[in-house]
Structure formats: C-alpha cells, structure tokens
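Two complexes follow with subunit A in common, the first pairing it with subunit B and the second with subunit C.
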Partner chain A sequence: MAGESRRRSDPALDERRSRILGSLRSGAEGRRGALIATISTVLFFTALALLITHSPGWPEVRSTFFDWDEFKDSLPEVSRAFLLNVKMFCIAEVLILIFALVLAVMRSLPGPAALPLRILGIAYADFFRGVPTILVIAMLGFGAPALQLKSVPTSTTFWGIVSLVLIYTAYVSEVYRAGIESVHPSQAAAARSLGLTHFQALRTVVLPQAVRRVIPPLLNDFIGLQKDTALVGFLGSIEAFKQSQIDAAATFNYTAFTAAALLFVALTIPLARFTDWLVARDRRRRQATGT
Partner chain B sequence: MVVLALAGCGGSSSSSSQATTSSSDNPCAKSALNLVNAGQLTVGTDNPAFPPWFGGKEKSPWKVSDPRSGEGFESAVAYAVARKLGFANSEVKWIVVPFNTSFAPGPKKFDFDINEISYTPARAKVVDFSDSYYDVNQAVVGKRGTKIAQAQSTADLQGFKLGAQLGTTSYQYIKEFIKPSKQPAVFDTNDAAVAALKNGQIDGLVVDLPTAFYVTAAQVPNSKIVGQFPTGNAGERFGMVFQKGNKLVGCVNHSLNQLKADGTLQKIQDKWLAKVGGAPILH
Partner chain C sequence: MSEALRIEGLHKSFGTLDVLRGVDLAVNDHEVVCLIGASGSGKSTLLRCVNLLEPIDAGRIVVEGVDVTARGVDVNRIRRRIGIVFQAYNLFPHMSVLKNVTLAPRLALGLSARDASTQALTLLERFGLADKADNYPDSLSGGQQQRAAIVRALAMQPDLMLLDEVTSALDPELVAEVLEVIRELAGGGMTMVIATHEMSFARDIADRVCFLDAGVILEQGPPEQILSAPREARTQQFLQRIIEAGRL
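On to the complex of A and B.
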C-alpha cells in the first residue's frame, strides 16, 4: 500500500484498491476502516482454519493430502512431468493465436459471397465450444491413429496439442470477434473512405484496436488452456497430473496432487497479475489520451 | 441376534462347526463383525468387471461381466470367504468402487474391496490388506508380427514404447526393472490402454498375467503374450483392501487360511485361471 500511495492519483488503482479493501477514505475514518478490515479478515480466516483443523477427519486428510515426506518425494518427478504441460501450452498458444484470428476474420467477412465461410466459422465455434475438452482429446487421440494411416502421427502428445488447439481456437476466435465488433463502425468507414480495401482497413485500423482491447480476456483463456493441458494425460502422456496420479496410486497418498496443484498455481499467478497490470495500464493510457 | 446368526451359520455348510463352538467370544462370529451394512457383507470392485477376475453375463449396473454371478476368480474367492464367515450368497452385496476411490480418506462404503490390488508397504500405511489370495506375475502383450513379439529377455524390451494401466504395479515394474529408453505411457483405464496398443501408440502393454490372457484372447485381435517376467524380483501379491484398522481383516485372513488349507482356493484358481502358466518367461 505504501508503494501504491507514492504514485499520484491513479483512478484505476484507486478503483482496484477500493474493490479489495471496501470503501476506504483518507484520515481517521480510513484508519478505522483498515482496522475493521484487518480484524474481520483475521477472524474469518482463523475461524475457517480452526473449523478445518478441528474436524474429526483432519488428521487423516492432513496425512493423505499434506504429507511433507511424500511431497518431497513426488515434487521432483511431478516438476519434470510439468515441463510437458509447459511445452504443450507454449506450442498450443502460438497456434491458437494464429488460427483464432483467421477464424474471427472469416466470421466477420462482409457480403453475400462469404456466407459459406461465415456458416463454416459459426458451425466450427459452436461445435468445439460445445463438446467437452476431454471427449475431443479422447476421440482424436485414440480415433485418429486408429485409421492406421502411415502419415498420421500416433504420438499422444501430438494429438493432445491438436485437440487443445481446436477447442481453444473456437473460444479465442469469439474473443477476437468481440474485439472486432467493439471497434466503432465509423473507424472502418473512415478507413474505406480513404481508399483502403476491406482487408487493409481490417489490418491497419480495426485489428490493432480490437486486439489491444481483448488482451485481458485472451490471457484469461490462456490460463484456462494451461490447466487443460492436464487433460492430455488421459491419452497416456505423463504430464504433471498423470505423474501425480501415478504417485498417488503407488502410495495411496494424494500429496502428489497438492504438488501438481501448486505447480499449476505457480504458473497461473504471474499470468493473472500480468493481466491485471495490462488492464490497469490500458485504462491509464485511455484516460490520459481522453478517448 | 445371536440366535439368528447361529441359525444362519447352521444353514451354511463348512463354517457351521467352527462358528458355533464359541460364538459368544469368537470375534469372527457373524454377529460380532462390525459391518458397513448390518447383516450383509458389502464387497467393492471396479466397473467394468473384467474376466478372468469376474465372469457371467453382464447385468446392470455391471459391464462386461457380473460379480454377483460367483463366476470368475475374484468373484468366486469373495463368495468363498463370505461363506466361511457365515454369510449366505444372498447376503453378499457388490458395489462399484473405482480404483481411485478405494484408498480415499474417510469412512469406506465397503467391508472389503477386491480389485486386483497389489500389496505394497507404502499402500499398507493407508489401508489394511488381507493376506495374498493370488501371487501374480507381470507380463507384456504385443501385436503379432511387430518387432516386440520377438523379444526374448527383459533387455530386449528396452527400446520399445511400453504402456501400463494407472494404479497397477506394472508401471513401477517398467521403471524399475525394464528401464526402457522411451518414456512409458500410463492409461487411466483398461480400454484406453487397449486402444493405444491396437493403434500402435505403444508397442507393448505390461499387465498382470491373467489379464494378459484376457487382452490377447478378447480385446486385441492378433496379439500375443510376449512373455511373463520372472517372479523373483517383484514377489507381487493381490490382497483385499480394508479401511485402516478394520478388525474384519483378521477374520478374512482366517477364512483365507482355511480356504488355502482345504484346497478350495487352489480349486478356484485352477478353474478360473487355468490357462495362466504357459507363457514364456523373459529373463
């Protein structure tokens, strides 16, 4: 808080702070509010901790989910397996950003001639947003190699990435499309009146504005993607969750799940904070330029 | 209650003499057992119930087989133990217990779970195991005409992509004894493992030997048991799983000992796992 108050008036930050700490005002009233907030927070979390640690099953839960020795044993292997999650996530993310943009542009094409493309885009987004991720992974991962075609890879990780790309392309294309539609039509009209073609207007005027606006929801989807890499384990690839399942089955102790969960959270938190920072920066800039 | 229980015991054949002698202080008298559901033995296993462990025609909610049929090795063992404890067949109730939940913390819904679960010291810290009802060997299944089908030894398997099923000790076996150069795959379910073998996504599937016979006979066309691994380095055995501290373990062990002594267990094994044994050994 000390660091934040050093900066001059920042509406975005003020709003965030007020959202977290309740309506705090300066001076004595503010100190009183902070005191109440501290007391209520401490009371709430102490009560919650006492409730959990005094429940009849707590000793058993503690030894099955939070066993320090098991944690030390499983963490190195689970971390190594987690590299596969990171790899899948990085490859999938790049492909999704490209394909989703193509799909979004396809869906916003004007004119009657582009109708088949628009229908295809809608059908694609509906289908892949509708089918549960684990089903797509299972059907593609075991179905495609079952064709026994020489040129079709059998790697489960490959098909896991393909499934994630197919599904998240559908989600992310919707995010892009929302961005494109949020750009006022006068922008495109002005660009066209300057003699730009539809694609030139899209590329140089509409998309730069659209993409900037949708960066927070885009990152939100990527946090989801990070977590869904765990579903690829269904195909047999040993990623972090599968490794923790192996450890849990070998020892009948779930502490390895806790280790896997911590790794996922450790990857997600920086991305979430980065998203918050981008939103705050964007708001500052827009307020500075008065748009 | 005691009278009723005695009457019940009198109805069943072999256990009657043993149970009636000291019913009041015999901790294994049916009336003295601390059961999940009073008056019945609740037995858990996973669904689908695969041969040769379970047999009979599939009947809802069970798939592939029906544990209630008394057919198949584990079903037969469970009913034999139940009879020794003084339960009539109709007093044995089967419930679906997925492998992953058989060791979940908290009170168990079953008196015991019989699901090809191998004893390990680490697992025994969390649940109680009965004595062995089957000493098991691991085996590797491959497709005929592929390179792995020619493997003669454990060392020959090192260059192949191997798979195992989650929760089995087969994966540990691969990691510790075969040490393959390629990362093995681990599947949540039997059908996922079988699909991967059919597709050639793995070269060989490591499973326990009786399951290997079922996989080759019924699940993967044109497949064969490449070989079984020698018993020595694993010494693996299946045990029934109990809630930690459940006193029923002692009674079930007592029944198992009786079944071993009078040859019943061997007879059940001969009947349902007869084919097992002919597979070549990979040294």
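On to the complex of A and C.
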C-alpha cells in the first residue's frame, strides 16, 4: 500500500520557475542558454541606460528626480509619512477581507427569499467598482465632515480609509465570488450529503478551497490598495505622497517622489514573495503523504 | 422485516428531460439492491433524489418510516442517516483523510474532536487505511480515495448507504479493493442501494437487482433471474450489450 502513494513533481510549478529564465535546463545546452541570456540581458539594459543618459534633457532630469543629497534629506520625512500609508493599508485590508467575504457570501445565497440580498450585493459591487476612487475619496472626505454631525469623525485619514474600504470591498468580493464559483458543486453536494448545513458546508468545505485559489488575485488587489493609500493625501492627510509634494514644493526638486516610489515598491515586494510562499505551501500540503 | 426505504411514483425531470418517470421501489432492512441500466437510465438521479440532493417533482420517498419528501422536513437530519458515495469520490482536497472523516460527525452529530478521531481511526483501520489518516486525498490512489469516501459516509453511522457507480472512475486493478469493502459492508448487514455497471459483482452481492430503463424500473428480481433469464426484451438487449463488451 505504501508504495502506491506518490509524490509527483509539479510541472506547473517548474513551468512557473522557468518563466523568468526562459527554457534554461542543466547540462551543456543549459550553459549555452545561460550565456546567451546573460549577453542579451547586459546588451539590452546597457543600450537602454545609454539611451536615457544620452538624451538631451538627462542632466536636468537627473538633478531634479535623482539627486542623492535631496534623497538623503527627504527620505526620513517621507518614511515617517509612509508609516501613515502602512497604517491605512493595514486597517483597510483587515476590514476589506471581512466585508468582502460577507458580500460574496450574500451574493451566493440560494433560494428566492435571498433575492433582495443578492440584488443589494450586485448593486453595491456595480456602484463602487464604477466610481473612480479619487471621487469617492473626495466626496466622503470633504462631504461627510461637512455634515457637522457630532458623532461623525472629521479626520481626513478616517474618511480616506472608509473610502478605500468601500471601493476595495467591491473588488475583493468579486474575487471571492469567482473563487466560490470555481469550487465544483460536487464538493458542496458531498458536504450537504453528510448532513452539514448550507453554512457549515460553505465555511468548512467551499470557502477554504475558494480562498486558497484566489490568493494571487487577492494580492493583486492589495497591491492596488497599498498604492491607492497615496490618494488620501488629496484630502490633506500627510502620507508619503503628500509629504513628498511638500518637500518638492519647498526645494523645487522632485527627488522626494523617487523616495516615496521606492518605499511603495519596498512594501510590495515582500508581500508578493509572501503570497508565492503561501501558494507553494498549500500545493505542498495537498500533495503531502503525512509521513 | 421492516422497511428501510420506500419510493412511490417518483418523478424527476431536468427542464424538458424526464429522467425518472414513476419509480416504485421498496428496500428492506439489511437488503442489498443493485440498480443496473444504461447510462442515462436514471440510476444516479434516483440515488441523488433519495439523499434529497435533487428536489423531486412528484411522488414520495419514505426512509425508515419517515416521509422525507414531506414539507418542512429537516433535510440535514435525514441526510445524516443516509450515506452516499459518489463516482468521483468527492473527498475534500484541502483536508487530511482523518479530517475528511471526522468533519461531519463533529459538526452534524456534535461529537468531540477526540471521539470523532477515535471512531474514524477505528473505521480507517477496518478498511486498511489507518496509515493514510494524515495523508491528503491527492496523494492517495483512486482505490484508496474511494475507500476513504466510503469510510467518510460510514462515520455518520447511516441506516442506509447509497453507492453511485463507485468503481466507474477507477483503474481496473483498483476495482477489487473497493468491491471488497462493499462486500464487507453487506456481510455486516448494511442496507445498501448500489448503482453499478459491475454485473458479476451485482450477481454476487445483490439480494435483488432492478433494471432501470427510460426512467422506470422495468424489471426486478433475484440476480440469477434478472441477469440470466430476464423476461423483458429491453433487459435482454442491455445484457447482450454488456456481454458483447466482455463485462459479464
């Protein structure tokens, strides 16, 4: 019996790994391929660098966007402001993951009695995916505090987060829904046939599989969310983009923008690697023989 | 002998396609009934209706004296007493075999994790899967997966087991181990309704064989009679095709 269990090499994963390096294989052919890849890469990027640095406006662009002293001066301030982006992102992400799941489940409810909930879910997703993010932020950020209601917060950051949650909940619920619909109905049938209720089947059988499948697109939306926190600066919250605008206005130099850009990228890369790791771990688990 | 299952005038259609057109069937406790018939004759649909996975259009299904097709009946309660095993196993791929087996006893019967595990391990042991308890379904052979699916259904301690062509997706060399499990269940007195294409197995295990044709039970009786001396022309034709395919 033990011989029957087998650990398969995963062609899909090998494929993905080799996408960056092309069709590199070991052996003599692989060495030749590696050499060609190296030469073509060096040539391409050298040519690109030469093209840019020999353009007529390059000296000006370099001193305006890539000034080392300006970079050193602005980085601490922009970094401090960037903490606000991280904070907004973290708070919004948790709320979005929860609300979007509720919305997706609402849209997947069976039966005629749940029709109003389904309609509400569809209307919500249509509306908040349709309206530009910056408009939602502007209307809520300027409009809601203007109501001058006692219990309503006036913080621009608060309304910025609310706007991002409203918009990204719509996107992420669609991602969840795609995941739920990708789980074959026979899985739910098997769970129901064992006597589980609709919600028990959803919670233990359908959703765990659905969420695993949509981790990569979920990450995609979260990278978008990370970047869109910069839009809250529009309301006046001093986040990284707003801070670099202030720096740029004070020094007539845009290097602060470069610093902000690097900070955003620096946050995205670990998130992307983390997702790859999650997906790979799940794949390993499903193949696991338990020994 | 009391009745485990009674089906009366069961009708079921999908859109304009009438799959079941008045099925009557009674199954006694500890009886093993095999459903045979061509693909599309309604075998799977019949089993899915009994498990209430498909709403029926007309008729009545009574399980252990309870009309399960009546209005306001608690379907989850009914399903706990009826085990069903599918052609494609339908194990939960994100859970170990042990979790697959303990899930429903924990959630639907309210067993503690420990009791559910103990019971599951006993069952897995009995069906030669004890060493696979921590494996995930994808790492098992088809035969092992199907045995695990049978164990998962048995863990609910059902009164009635429905087996829907459980060997049809298996490589030929893996069929025997699954049939062996079903034989053991029959030997233990489990009431079963088995849709199958394995005629020799049906002859071997069934107390009664029912031939389904075009949504009705055309002919039923002891396996020797149905498989060796069928009365109906349609049954004869069906068996002739099976013999030609070398499956009898």
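Basically, the second predicted complex is superposed on the first by the 265 of 291 C-alpha atoms of A that agree within 3 Å, B and C clash if a C-alpha of one lies under 4 Å from a C-alpha of the other, contacts with A are read in each partner's own complex, and residues count from 1 in each chain.
Everything that follows uses one rule, which is that a residue touches a chain if its C-beta (ideal position, glycine included) is under 8 Å from a C-beta of that chain, and two chains touch if they have at least 3 such contacts.
From a predicted model like this one, the values you see are computed outputs, not experimental measurements.
By the touch criterion stated above, A:R285 is placed in contact with subunit C alone, subunit B being left untouched. Contact with subunit C, but none with subunit B, is seen for A:P208 once the two complexes are overlaid on the shared chain. With both structures placed on the common chain, the touch criterion links A:F142 to subunit B but leaves subunit C unconnected. In the superposition on chain A, contact is made by A:F252 with subunit B only, not with subunit C.
Contacts of A:A190 after superposition: subunit C is touched, whereas subunit B is not reached. Applying the stated contact rule after C-alpha superposition, one finds that A:S79 touches neither subunit B nor subunit C.
Once the two complexes are overlaid on the shared chain, A:N220 sits clear of subunit B and of subunit C alike. Subunit A has no residue lying at the interface with subunit B in one structure and with subunit C in the other.
Taken in their complex, subunit A has these residues touching subunit B: 57, 60-61, 64-65, 138, 142, 145-146, 148, 154-156, 233-238, 242, 245-246, 248-254. Subunit A contributes residues 1-2, 4-7, 186-187, 189-197, 200, 204-205, 208-209, 212, 285-291 to its touches with subunit C in the complex. If you check the complex, the residues on subunit B that touch subunit A are 99-100, 103, 105-106, 120, 122-123, 125-127, 163, 166-167, 169, 171-172, 183-188, 192-193, 195-196, 198-202.
Across the complex, subunit C meets subunit A through its residues 51, 53, 76-77, 79-80, 82-84, 86, 88, 90-94, 96, 103-104, 107-109, 128, 131-136, 138-141, 144, 152-153, 156.
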